[in-house]
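The structure follows.
Note that the chains are named A, B, C and D in the order they appear, and that numbering of residues resets to 1 at the start of each chain.
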Amino acid sequence: MKTINQLSISISECESMFVRAIEEAEKQGIGISLCVVDSSGVLKYFGRMDNAPLISIDISRKKAVTAIGFGMSTGEAWHDFIKDDPILNDGVVNIKDFILLGGGSPIVHDGNVIGAIGVSGGHYKQDEECVKAALNEL
Amino acid sequence: MKTINQLSISISECESMFVRAIEEAEKQGIGISLCVVDSSGVLKYFGRMDNAPLISIDISRKKAVTAIGFGMSTGEAWHDFIKDDPILNDGVVNIKDFILLGGGSPIVHDGNVIGAIGVSGGHYKQDEECVKAALNEL
Amino acid sequence: MKTINQLSISISECESMFVRAIEEAEKQGIGISLCVVDSSGVLKYFGRMDNAPLISIDISRKKAVTAIGFGMSTGEAWHDFIKDDPILNDGVVNIKDFILLGGGSPIVHDGNVIGAIGVSGGHYKQDEECVKAALNEL
Amino acid sequence: MKTINQLSISISECESMFVRAIEEAEKQGIGISLCVVDSSGVLKYFGRMDNAPLISIDISRKKAVTAIGFGMSTGEAWHDFIKDDPILNDGVVNIKDFILLGGGSPIVHDGNVIGAIGVSGGHYKQDEECVKAALNEL
């Protein structure tokens, strides 16, 4: 019988990423929400800092879902992929839970996408810094 | 870095299960819908026979989702688990996509739950026969 | 009494289209999801290849729903229809389950729209090739 | 101008509660999801253990939402409140995100409800033990 073997991120790594992302957020003077989905796009972890804006709850989740959906980071990567094609550019807006804003990234381990992280709360460039910090923790 | 290893059903097995379930359904003189979700509860396969009642579309999906949710078959297994406890009995109705009707079953391979199947279209006892036939195909 | 006679695609044709679409997808080196709705827009068939990106699940369904909704292919046909009219262009985004991305097509038989197919997983031009291959199978 | 002063749980307490709840879950041999909402019912924290059943994701959230909704624990407290009144008993099922299952509790500090916690994964009596352990941590 043929089966598929899928790797996913563990909860302990999620907790560590959140601790590290908070440090980076505090350095930048912002409050963030952080969301992690597993390699199937299923919710694994969510945390909202005490000073995070309410808008960050939904956005952080959508960034993680978008990043796992095609294994590609939100922000520049997705933007470059769609910007010169009107059908792609106008079409992605209706993908379920899609968000173009930077701050979502696949989590890669040994060449496997094992989940995705989404951070929201500051300017998306600040969110991206928090993602970078969190991923460096792994 | 700690990761989780998850086994899931492959698409070719889903196609075979559908072919086998249709045979059983025709033997029983019913039309069915069949739904398969992977080990993360994500939609993998769906087919609706030409004579399946419309109600079977949603029910087959819910049976698969319920079966993967706790790794337990719908119908007797879930019913026996809740029937003597009023809080359980009255509480399960609000679980997302939960359905008590028989015809949903985890798909088990070497002791691992690798997905779940849901069949709907006839009496739930007939649906269960179709599930059994499909699982025997694996 | 006046009634309506509606032709719809049968399940066996859906299974064949999926087999053929998979062949084309493998030729192109992509993994796809394929969704078929009947002439009433009701879900008839869905299959997800083992290497299809998660994003393809929702998009394939929306492409089929969009194609049956107005009897017109997604992608170029819809884009040409709306691009020079700002109200159309900005308005379609809120149609339920609408998606502009190519890879959705009505299934036509003897001049009747008998259903619609949606494929997602690669670039939309690749998805369109899989749709073409599937339709040639009929 | 009259304003309202609202106390809410902080994110650091959520992280501690999760650590403590995991310990209790491991002692009981189960895997859990834990969800915390603030005093406004807004998502504050979520974590899913690696061995938690999928069904626990939605249920843990609903338990927290139900507990904050009326400031009353799910399970026995809610059940005793409704059981002798048919209109209450049959009526609560349609409250948005309501769930009767035990394992949801308000988080009380100095007589103020500052949030709510929901745990799901085992039998609801086991979930309640994890809630108790988490609340003792505060």
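Here is the rule we go by: a contact is a pair of C-beta atoms (placed from the backbone, for glycine too) under 8 Å apart; a residue touches a chain by one contact, two chains touch by 3 or more.
Quantities reported herein were computed from a predicted structural model and do not represent experimental measurements.
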| item | value |
| --- | --- |
| Chain pair, most C-beta pairs within the contact cut-off | A-B |
| Chain copies touching (chain B, chain D) - same or different residues, decided at half shared | different |
| Relative to chain D, chain with the most remote C-alpha centre | C |
| Between chain D and chain B, distance of the C-alpha-averaged centres to the nearest whole Å | 29 |
| Rounded Å distance between chain A and chain B, as computed from the means of their C-alpha atoms | 32 |
| Separation of chain C from chain D, taking each centre as the mean of its C-alpha atoms, in whole Å | 43 |
| Residues of chain A touching at least two other chains | 4, 10, 40-42 |
| Touch-based graph of the chains, sorted into line, ring, star, complete or other | other |
| In contact (per the touch rule at the top): chain pairs | A-B, A-C, A-D, B-C, B-D |
| Chain B residues within the chain A interface of the complex | 1-10, 12-13, 38-42, 109, 114, 138 |
| Residues of chain D that touch chain B when the two form their complex | 50, 53-55, 58-59, 62, 75-76, 79, 83, 89, 93, 98-102, 124 |
| Complex contact set, residues of chain B against chain C | 10-11, 14-15, 18, 42-50, 54, 57 |
| Of chain A, residues touching chain C in the complex | 4, 40-41, 68-71, 86-88, 90-96 |
